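Chain IDs A, B, C, D and E follow the sequence of writing; residue 1 opens each chain.
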Amino acid sequence: MQEITENKEFKPLIVAFCCNWCSYAGADLAGSSRLSYPANVKIIRVPCSCRVNPIFILKAFQRGADGVILCGCHPGDCHYSEGNYRTRRRMSLLFSMLNYLGIEKERTRVEWVSAAEGAKFSAVMNDFVKTITALGENKKLEDLRCKSKN
Amino acid sequence: MQIQELVLHKAEEYLASGKVDRVLAWKKGETFYDNSPAIFTKDNLNGFVYNEFCAPNLSKYLVNESKKEGKILVFLKPCDTYSFNQLVSEHRIDREKIVVIGLECQGMLDEKKIYNLGFKRIEKVEDGLDNIIITADGQQVQIKREELLSVKCVDCKSKEFAVADETIVVNEMKQPDKNSRFSVVSELEKMTEEERFKFWQNELSKCIRCNACRNVCPACTCTHCVFDNNKSGIAGKANSDSFEEKLYHIIRAYHVAGRCTDCGECSRVCPESIPLHLINRKFIKDINDNYGEFQAGKTVSEHNPLVDYTKGDCEPKEMVGK
Amino acid sequence: MKICYYPGCTLKNQAKRLDDCARLSAEALGVTMEEIPEWQCCGGVYPMAKDEIATKLSSVRALDYAKHHGGTLLTLCSACHNVIKRVNNDMATEKSIRDKVNNYMRLDERYEGETKVIHYLEMLKDIVGFDNIKKAVKNPVNKKIGAYYGCLLLRPSNVMAFDNPENPTILEDFISAIGGTPVKYPFRNECCGAYVSLTNKSLTEQKSKKILESAAAVGAELVLTACPLCYYNLKKNGGDNVVYFTELLAKALGVTE
Amino acid sequence: MENFDIEYIKEISRTDVRKCMKCGKCSGRCPAFNDMDIKPHQFVTLLGQGKFDVLLKSKAIFSCLSCMACVERCPRGVAPANVIEAVRDTVERMQNGNAIKAEDIPPIVDDLIPQQLLVSAYRKYRK
Amino acid sequence: MQRIGVFICHCGTNIAATVNVEKVTEALRKEPCVVFADNYQYMCSENGQQLIKNKIKEYNLTGIVVCACSPRMHEGTFRKTAEAAGLNPYMVEIANIREQCSWIHKDIDEATEKAVILGRTAIAKLTLNTPLTAGETGVTKRALVIGGGIAGIQCALDIADAGYEVDIVEKRPTIGGRMSQLDKTFPTLDCSACILTPKMVDCAQSEKIKLFTYSEVEEVKGFVGNFKVKIKKKARYVDETKCTGCGVCMANCPSKKGLNAFNMNLNTRPAIYIPFAQAIPNVAVIDPEQCIKLKTGKCGLCQMKCGVGAIDYTQKDEYVDREYGAIVVATGFKPIDLTNFNEYGYADNKDVITSLELERLMNAAGPTKGVLLRPSDNEHPKVITFIQCVGSRDVSGCGKPYCSKICCMYTAKHAMLIREKYPDTEVHVFYIDVRTPGKNYDEFYRRAVEQYGVDYIKGMVGKVYNENGKLMVQGSNLLDNTQVVIPSDLVVLATAIEPDPSVRDIASKLTISIDTNNFLTEAHAKLKPVECATAGVFLAGVCQGPKDVPETVSQASAAASKVIGLLAKDKLKGNPCVAHSDEMMCTGCSQCARVCPYGAITYEDKTFGRGANATVRRVAVVNPAVCQGCGACTVTCPSGAMDLHGFSSSQILKEIDFICKK
């Protein structure tokens, strides 16, 4: 049980990339509906989930993120009609590769959140924080130079 | 007639007729194994060689060669032809300027494996098809070819020419077993995350960032590589810690994903013998398993699994760790 | 093929005919109903309250046995089917019930609603196939028959998933398969009065009579049921023409007199 | 000892009465409607209003046939039958108030009565 | 070196109650490049904006960060403010400290800390911003209206009236839509055809309007101002230009058993038919499923009888390519399928009908010539019971969760009309609530009760069954707490409506978002009710949400005014946040063009260097007018040559840095 007590102290840093049209609006709706999620979730707005370069995700881990989540419109609802389909392939392959290299598969996630799904956004973030908290700190993809700035 | 002579004849014939101005082939090096890519002209065919130590994939050299004036004859082994097609697809080489001669390949050899047999002084290595005849330390031994194959040839993907204007094949080439190619990837997949992490941590920590893999890779033909570009945010010339090793290899593999033909040059040239092809092959396996079989460079094509998609593609969570 | 079968107490007693005919017919259609050992009474009614655990254990025992013996549990009595299927749904979807039941039962492997519960009629429709029954019929029934579904097979439809709850057709299809002419009447899915017949006979009488009148109005010569309690209530209230559906099946197949 | 109150009924009923939009379809469908002092839709309303005593005095809890017609047809996903059963369970558990006693049974049993009926009635009317 | 001003908004107490704005101001003031930082109660107010403008000038700011509500709310506002003060509007960054901070966190310290981080991140991003200027594109001065119901008709007429060309694409053989099936309209009870058909005729006669009936939208390409649409004209097997609509073919057609969809399948029509007398265009069409000639090769009677030689059995589907500046979707609705509601006996009883079927039974052009006769035996029904909310407000999964909005009013209309025409008829209405918000609506409903004596019963029907030829309607009467059974001759179900199923396909072709009920999503529920998130696409009618005729017409006119506003422009200012390729790094590999959904990327052979050193390279070129700025190309580009203005890789990486900075 010691582990769990330790984890309680640990507040993971979550970087969430949200597409401007659906998921960022979903996050706004979560806000206007006062549906809370932990403050350690920080959102970066991108025009479309397909703007997210694997480099961004790796960089976030390097800088000390413990979990990275990418949110976009539901497949079929992309504002740019097909961006999220590309995201789906790219991230499937990237996350599969990260897992192949031994990175915990729970650390990366893709979720489709529409502009109407404020409740889903909040639920997803709460769940992701919970998952990452249980998983513990990101040690496998950290950059010690960045950590030393603590 | 031996294949080496046939190849040389072909080069001479084309040069003499004026159909081509230059020939891209291999040139004999100082030792028995270090044959390297070279340009030959009508006046200079010195050191022309084709034997079991001609592993380098010549396709990539055409990127620069085809920019120059005149026509070029290139010799490509079956696996090299895929890289050639891929580069044509990406408009990196000008097909019009090139004559492709496909060459028989029974699998190239790895000199390290010969040295590992324990010889002190190797005098001669001869190709006896199934067996390799080595004369060393005053004796002659025969070793099965499979045991000496270069890492890139161990799991040969195909003996078929994806493209060739002519071919030179003396002995029949045996089609490789398709299924064996992904067996090591599958084994790695079966390990736990921790085991895999250890495996790769150990392998990638050997990386000295010599960039040999990148320089040899036929898919890496960017004018300026992102790793050399200060604006990219990931520029870096040395591995300062374990993260950068991973970053470099993940991003490199990702950048060639869907375009990598699995030619294995990266692993062949790695001075630290890191099995880099296992990273690329994982992408290929994931693509095959989830988006349908795909072989980059099989044809000159607009398609690539990373630019295509279907509406019914699986979700990341359905693929990761499966 | 063999399927685990849960008969239930009434089928061992008052409704023996329902059971006997079902077994004979199934055998003739190539299905062996393997009665599961040491089954216990399902309780007759599904306990709806959230804290009802003990009353569900007998069903879970039967379900767990079937899970390890083919994965399917066949029922015949409508009441047993309703109780077992709904308990199974609780085990699959209600975490608090699932945990409590499993804590109590201490099975080698947790039971989480894995077993598929099918009613004898679903077996006829999906495993044997009504077309094959049609082919096997020796003595076509040749009567106008009103199917009486009652409540238990159909409702609640989100759990029972048996047929369209307001416009079911499976019994009518069955009737056609054995050579009868199905007649639809509006009260075929109304309640007969159920267990209230023990304490409020007039309510049951009123409900049952209405059903029988409704069937008679469309010219039904026989009324079919799958439930011993419906059978009783209807019989008690003038339904001399009420029969179990398996009785007709057995007759049509020529396995009984 | 359990604390029998309105919350107790709400808890064991496994249904959310706040979802009710007061359309009355449950009562429009109920086959035992005329035998009920409190009607199906009223059970839902009274539970929502917290009228514990009124619910406990209901006789209708013994008329409900558990036929599930009200549950089936509710457009809002409310289960009036669950409320009725929850009230009945509470009444029986509170007072140890069994609606039928063992000695009541023999006189009403006839030759044809199915076991199922006795078992069901026992389940419904005794705790 | 930039000179950045930071403006922190209290948003009244919306932000200030949870975020210590003073602390945030202090912290952000210390950030590099920041020369000014202050907070204010309402930054978006006139005074707040003035503050920003003053400080831009006073401190000679090169960029501003506003820590306030979501950029989706006021990014545009602050960009305009900056522009007014002489700053490039794209030198503005917003830190979302309301929706994504103060509103979701309770702990002041935690929220303040997060606000500081978000502010720092925005400042860091801003240090890499560059002034951007929007490009311009031309506008094709023609609009497309998809759907030829009252919404499409009104919209097209308004656009045409402003002098612009407009095409209507209608999948059925005639325009008119659902309204053409209605008998009378509430709350005035005018005859639907009388008010609709003149508008239909206007459409046909307008020089500006082109009708594509019996046609569908096959493919949509392009973007606002420049849509390219492929229209499929289905084969009518009748030459539209020759047919005079005389009807001789119909009279002679031997295959007469096709269900008449216009009459809700209550009667039949020949294989060659004109949907109804006032159809526009008044041209026959052959149903290929039913036509003997087309199915067997034999017959050909209509061709023989046609005086103008209009019949052409060899006609094929045709495709037409058209260009448009704007598109209006007005695809309308249909009543839901009643399979899940058989407690009302619709499947088993001919005399249980939907309200739309009743419209046809009451209409003079309907199957009964306007005499109300019940379908089973053509008798006058003496007792008619209406059931409201059939499938509406149903969250059980059987029906629709929303209120269909029109049923209360049309039921009152039906009840009233029946009582007026057949005073000996008894009319009952089961209702849950009567909803009549609208001008003269409640008065209308009350008239049905007070003047016409319609019996409204508060309660719902549980079962409808046939007993001795009477339809027994069993329901509750909640006001006297009884269960009633009304023996009726006709039962009318106020069936819920849902968007026409074709809308899904249209939505995906136009990339407009659609909700779980298949209604199209407007750009803003209150302030942009007829616009779509996709620029240049507008909505009208029930495809966006349940509406009655007056509301549909208003929305259609609103959409038309938006279209006219768009077409009136000669140039459209684009979004400057578009992709651009660094030609020094581009290898010309062509992957980017393959992922571009807009075809905005092309390649050029470009000469680099001079004289002997000159080399020719193939490089990507982005058309900024066509690019919509999704960024798909930036990730596909392995050499990092492709980047996106406003969301550049270095900006995003900087944001990551600052978010992760501990």
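Everything below uses one rule, namely that a contact is a pair of C-beta atoms (placed from the backbone, for glycine too) under 8 Å apart; a residue touches a chain by one contact, two chains touch by 3 or more.
Note that the structure is a prediction, hence the values are computed from the model and not measured.
**Q** Using the contact definition stated above, find the chains touching both chain A and chain E.
**A** Chains touching both chain A and chain E: B.
**Q** Along the graph of touching chains, what's the shortest path length in steps from chain C to chain D?
**A** Shortest path length, in steps: 1.
**Q** Name, by label, each chain that touches both members of the pair chain B and chain C.
**A** E
**Q** Which chain pair is joined by more contacting C-beta pairs, C-E or B-E?
**A** Looking at B-E and C-E side by side, B-E shows more C-beta contacts.
**Q** Distance-wise, how many Å sit between the C-alpha centres of chain D and chain E, to the nearest whole number?
**A** From the centre of chain D to the centre of chain E is 47 Å.
**Q** What is the distance, in whole Å, between the centres of chain A and chain B, each centre taken as the mean of its C-alpha atoms?
**A** 37
**Q** Roughly how far is chain B from chain D, going centre to centre by Cα mean, in whole Å?
**A** 77
**Q** I need the residues of chain B touching at least two other chains; which ones are they?
**A** Those would be 226, 232-233, 306-307.
**Q** Where in chain D do residues touch two or more of the other chains?
**A** Where chain D meets two or more other chains at a single residue, that happens at 69.
**Q** Using the touch rule from the top of the page, what residues of chain E touch 2 or more other chains?
**A** 343, 463, 595, 649, 653
**Q** Any two chains that touch count here, so list every such pair.
**A** Here the touching pairs of chains are A-B, A-E, B-E, C-D, C-E, D-E.
**Q** State the interface residues of chain E toward chain B in the complex, per the touch definition above.
**A** Interface residues on chain E, with respect to chain B: 584-591, 594-595, 603, 615-618, 636, 638-640, 649-650, 653.
**Q** Taking the complex as given, what residues does chain D use to touch chain C?
**A** Residues 11-14, 31-32, 35, 62-63, 65-69, 71-72, 79, 81-82, 85-86, 89, 99-100, 105, 108, 112-121, 123-125.
**Q** Would you pull the chain B residues touching chain A in the complex into a rising list?
**A** Against chain A, chain B makes touches at 185, 188-189, 193-201, 226, 232-234, 240-241, 243-244, 246-247, 250-251, 253-254, 257, 279, 282-283, 286-287, 290-291, 305-307, 309-311, 313-321.
**Q** List the residues on chain B that touch chain E in their complex, please.
**A** The contact residues of chain B facing chain E are 67, 90-92, 221-226, 229, 231-233, 255-256, 302, 304, 306-307.
**Q** Looking at the complex, which residues from chain D come into contact with chain E?
**A** 19, 21-30, 33-34, 39, 41-42, 69, 73-77
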